[in-house]
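In the part that follows, the structures are each spelled out as structure tokens.
Each of the next two complexes has chain A plus one more chain, namely chain B in the first and chain C in the second.
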Partner chain A sequence: MSTETAILTEAITTSKPPADHARKVSFRIWRGDKEAGAFVEYTVNVTEGMVLLDCVHRIQAEQASDLACRWNCKAGKCGSCSAEINGKPSLMCMTRMDTLPPDKVVTVEPMRSFPLIRDLVTDVSWNFRVKKTIKPFKPRKPDNADGSWTMFQQDIDRVQEFRKCIECFLCQDVCHVIRDHHKEDEFIGPRFLMYTAALEMHPLDTEDRVGDLKNRDGIGYCNITKCCTKVCPEHIGITDNAIIPMKERVVDEFYDPITRLFRIFKGKK
Partner chain B sequence: MTRSPIPLPQVRGFLQTQRTDYWWVTPILVLLGLGSFVIYSTWAAFQGCNYFIGGIDQPGVQRLLSPFYSPVLWDPTGINSGHAWFGQLPGWWPSFIPFSPALLILPFPAGFRFTCYYYRGAYYKAFWGDPVSCAVGEPAFRGGNYRGEQKFPLIMQNIHRYFLYAAVLFIGLLAWDGIASLQHYNADGTRSFGLSVGSLILIINPIFLSLYTFGCHCMRHFVGGNHDCLSCSMDGGKAYRKVTWLNQRHMLFAWISLFGVAFTDIYVRLCANGTWTDWRIL
Partner chain C sequence: MSFTDQYIVHEHDVLVIGAGGAGLRAAIEASAAGVKVGVICKSLLGKAHTVMAEGGMAAAMGNVDDRDNWEVHFADTMRGGQYLNNPIMVEHHAKEAPARVLELESWGAVFDRTKEGKILQRNFGGHRYPRLAHVGDRTGLELIRTLQDHGIHQGMEVFMEMTVVSLLTTGGRISGVLGYDRERGRMHVWKAKAVILATGGIGKSFRITSNSWEGTGDGHALAYEAGAELMDMEFVQFHPTGMVWPPSVRGILVTEGVRGEGGVLRNSEGKRFMFDDIPDAYRNQVAKDEEEGWKYVCGDKNANRPPELLTRDHVARCINREIKAGRGSPHGGVYLDIGWIKEKMPNASAHIQRKLPSMYHQFKQLAGVDITAEAMEVGPTTHYVMGGVAVDGHTQMSCVPGLFAAGEVTAGLHGANRLGGNSLSDLIVFGKLAGEHAAKFVKEHGAVEVDQAQVEAHTRAIMAPFDRPHGENPYGIQQDLQNTMQDLVGIVRVQGEMELALAKIEEYKARLKNVGVIGHREYNPGWHTAIDLPCMLTVSESITRSALDRKESRGAQFRDDYPEKSAECSTFNLVAKKAPDGSMQVTRRPLLQMRDDLKAVIEKMK
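Now for the complex of A and B:
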């Protein structure tokens, strides 16, 4: 039996990592509810290939069975396990342990921009309420007699990038307009500026949301720090491809006298 | 869209964060880079001298003009650069207002950079700490008084596209300066072709400025971003895709062109004050 096979066999039969491949890592995990809370330190064995969510599960299994943590797919597609890892908003399931500094305590907190329910679980329902306020998709009349439309791939490419969003709300969490300035009543956040852009740029859509972006949704509060883009686990160009193009459309409609003049003669979309 | 207050002990203190990486490096580099450029360019703009070499009055060297001073509308009294569109400073210029050719034209490229989407994000962080870096605490005084670009004064950033128009014009002028730098004035009064290190610098400078300017987010908007149907445009979206390629490297070209234009001025200035000599290649 080769050495590799022996290690694998040992791992399977004992359900424990081979001792020479494991290292001990300490975690500071936020424990508490909306009344009070504090960081609690745990130490677990970490083996090759583990992600942070595995470590949290191991802590749940071995040391703190009441540790609350929201998760689902463990593949970076459901957007459930959002947290702040060493201060950075990230998905726990997509944070490989070998990407974190070795021999240092790993801090795990809930998302700081949303009300805490318990431990690592926050109430993100504000986002769903915001989404309902955005004007829905309103397609033009069908192009063809069978009720279908004709579109070209290059026209829909821009919008398809935004459809990769998994609604983990890390971008909302890191946005300082929400996080530090608490403008939730005047600002919809990067996720929904992008959602609006996806609708607004759609080649079939006929609705006009530019006025809402300026007056109700607070696009002007975005000062282009690109933090939303940096934390996006789907690597969507939120700032460059969604927010700034929408800012430019707002300029067209409200701030640029020349384009306003053109619109008088050409009409809206 | 109301919400309940957050019971967590929020990271509110200035510069407080749980981040353990070197998040402070980028804002410090931006602070040093942009700050150095602003200080140097302001100093250079107020000099009003040593902004050109060559021409009829200075035969034997290539004809170089600093990009900070191009175009020269009027030369200061007593200086004949050979580049001035309208000759010497007119008599009606109030004597109590300091004059330098650069002061008349620098506000346009400076305004373009100041209102640029990339630079906005960079200097909001580095100079105003708004925020210093992602998920790092902001100065406490701002809090709920934050206005962003929604209200005055930063709502004026929306003027960016007008500075873009000026910036495109300036690229044309600087490209012309690059071509003009290939002129060599001989001692006998004749002109011939010549190529020097300075000429190369004056030719490369507008190239980098073009890569920065034509990758601007406003430019991307004009060449297709403002339409939902890219395939409906006359070029089938080719221009949009090319500008998008540049736009994805906007930060890179922003810094290269910024230091490029400063270096060009330094080169011409040191040639003009005799610190070094422009080396003729051909």
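Now for the complex of A and C:
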């Protein structure tokens, strides 16, 4: 849980309604497509334990069967139901209604950084195109005769942390380089900086992606505001554990005077 | 308007429907064979239900216990499936799984490790030795991400958020498929020389399920309509441990890994009730007391497994019995306790969070329960269907030439009950086999023309709900069907209730003719539900008819009116097929004969 949510949760615990007590909650949900749209109000009976996605489903089933919303697992594992809830990028399936301020209208909008398809659904295809440009995993030769490798748990803990990513793209949505400055052509975003870090830190990998990070992927645009880390539903240390170490590798390789000298002598570009 | 104005037409050699583990593995294999491959995903790439798999994939690598080998895995799987499995598939699976797991590592997967730096393996129900390669409790995510990240560089064309509504056949052979895209509601025709179904399961036909909205049995129904056979449909796995509270998360999976790591089941009286009922087939494999069970969890090779690690069908029934007898938890489940291991080890809380991070997170965030300190409330949830498209065990091809299948949509590997962990290995072993043989098929056979009249008839049918804006809401029928299947064809079955279910299914079919949707074709979930409904009805009917005809209790099927196994029923599989008059016919097919050497393996492992 992020600090903000934690504070929010604590603040409203005292005013939590009694168990099994249904209360009416009003929602402002964005309805529309590329051309036009507006917030539409819906009211739903909310009972204990419900998450925001349940409310959206209830609206679909009872009031607006054509309300578009993307979702799959409803357990925080697939990363499909990303949206902006009261302005905060979140997963709808992991947002419990009793963590939102009671007696206030709940605003639900699509992720703002991506082109709108309809209602709460956005076009996230840019992310899939970006991933394809990153050099794939290239392992060293197997260590053992049976084709296996020897790796120790302490050497893979960090990579496993990054591989928890469920590709909800909330980090991409919140990143100001994409959201405000639209640098999609020059910057791959926190998700793919971390994806690159996972490959670079993989004990078996032999590929070199540091040059790409600097020259093509725009790692320099990240000024470490850590918004991505704050919204990550998997609580991955995106900035501290992935992006900063990659920035350090870029610095070591391209800006360290001694390394530069070596490069000149060795004739590397 | 001409055909090409009305439809977006694509052309592939091999078209894979479904992008979970089986579909992606099949697509990778077919691409490697040098044919043109397309993959249709019902959702975005990487979101398929495989991500929900938690505990691990079974492969007899022997990294933790070197007594393990393919023969033990073979015997365990046959025993778990109560000998209705296809032995050819079980043999291939047991022999191939270790190589398929290592292959994932060569594509970038990062499994948890043993102290010696090998792939770590954990205990699971029905597996004699620790056999499940895993990554904490998010193994499915690791599997799908590895296949996805490798697959996108292999040349396959990926179609996201598209749904197939019909398989096209010409002269009895597969010629392509018809579908729509969610974004705009446009109709697409994919011409293909071979089609691989990898569409997963059917859980959405039931009210309480671990499956997402996608699990509507599309592949089962598509195959059935195209003339293929559905086998073993009566065997629906109710996973013993789904969440029961709060109501909105009811059914969400709680991994068997919790029990693999030492979690125990208790009733409201605090009793470990699993010790009370041990099936004969497992009598000499179960711990005599709690102490021995714990030793097994800790890796003592001389100890037998705790009864919580018996097969899923049995554990689910025991839980059901406790709840019915009034010994359940406040919200209608039983208690699953992993926090108790703090009596046995220091730092238990950190250990649990490391071994079961998503369970910890899921309960903390959705139920407000800290599993390191409190017991979870759990109960059975519809999880998996053992039945599916009948295929040739050597090639994965159905009786429709050019139509292949892999993964959950297929029957044969799991028989009457699937062992945990055998599904993920199923995906990669048989995904590969299907991809290989589909590619071979297209190299040996030319293309066939798509029948345009067939395409147009199917299109008219799926557009019809728009002509009835005041027709019945599709969600109403879906809910009624889910209640019917849950209440009348669920974990305990009797003839009268199932006959009532069949009558209700007929009623829903009639109501479906009057279903209406509002809005337009762009990303319209009401319309999509209307299109999914016929698939759910076909699947539900095949489950019910098969369950009625199997007058015995075996594996996942428990009949209150026939509570014992019958010798007669141990000789056949049930096969549902569409008759020429359009009705569903269920017939008995004698079991595939097992080779003598495989019989000898089973004897040796008894």
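Observations on the model:
Just so we're on the same page, the second predicted complex is superposed on the first by the 237 of 269 C-alpha atoms of A that agree within 3 Å, B and C clash if a C-alpha of one lies under 4 Å from a C-alpha of the other, contacts with A are read in each partner's own complex, and residues count from 1 in each chain.
Operating definition for what follows: a contact is a pair of C-beta atoms (placed from the backbone, for glycine too) under 8 Å apart; a residue touches a chain by one contact, two chains touch by 3 or more.
For clarity, every value in this text was computed on a predicted model and none was experimentally measured.
On the superposed chain A, the two partners chain B and chain C both fit, without a clash. In the superposed model, A:D103 makes contact with neither chain B nor chain C.
Applying the stated contact rule after C-alpha superposition, one finds that A:F152 touches each of chain B and chain C. When the shared chain is aligned, chain C comes close enough to touch A:A61, but chain B does not.
Within the superposed three-chain model, A:H202 lies in touch with chain B and with chain C [touch as defined at top]. Judged by the touch definition given at the top, the superposed model places A:C78 against chain C, while chain B stays out of reach.
Of the two partner chains, chain C is the only one touched by A:M50; chain B is not. Applying the stated contact rule after C-alpha superposition, one finds that A:E41 touches neither chain B nor chain C. Closest approach of chain B to chain C, taken over C-alpha atoms in the A-based superposition, is 11 Å. Residues 33, 123, 152, 202, 205 of chain A lie at the contact with chain B in one complex and at the contact with chain C in the other. Within the complex, the chain C residues that touch chain A are 43-49, 51-52, 99, 102, 105-108, 110, 112-113, 116-119, 135-136, 138, 141-142, 145, 149-150, 152-153, 160, 183, 212-214, 245-249, 252-253, 357-358, 361-362, 365-367, 473-475, 479, 517-520, 522-527, 529. By the touch criterion stated above, chain A contacts chain B in their complex at residues 30, 33-37, 84, 86-89, 101, 104, 107, 109-110, 112-116, 123, 126, 129-130, 133, 152, 154-155, 158, 174, 176-177, 179-186, 188, 200-203, 205, 218-227, 230-231, 239-240, 244-245, 247-252, 255-256, 269. Contact residues on chain A toward chain C in their complex (touch as defined above): 1, 33, 47-51, 54, 60-61, 65-80, 94, 96, 117-119, 121, 123-125, 128, 131-132, 136-137, 139, 142, 146-153, 156, 159-160, 163-164, 166-167, 199, 202, 205.
Within the complex, the chain B residues that touch chain A are 1-8, 10-12, 17-21, 117-118, 120-121, 124-125, 130-131, 134-135, 137-138, 142-144, 146-151, 154-155, 158-161, 217-218, 220-221, 225-226, 228-231, 236-237, 247-248.
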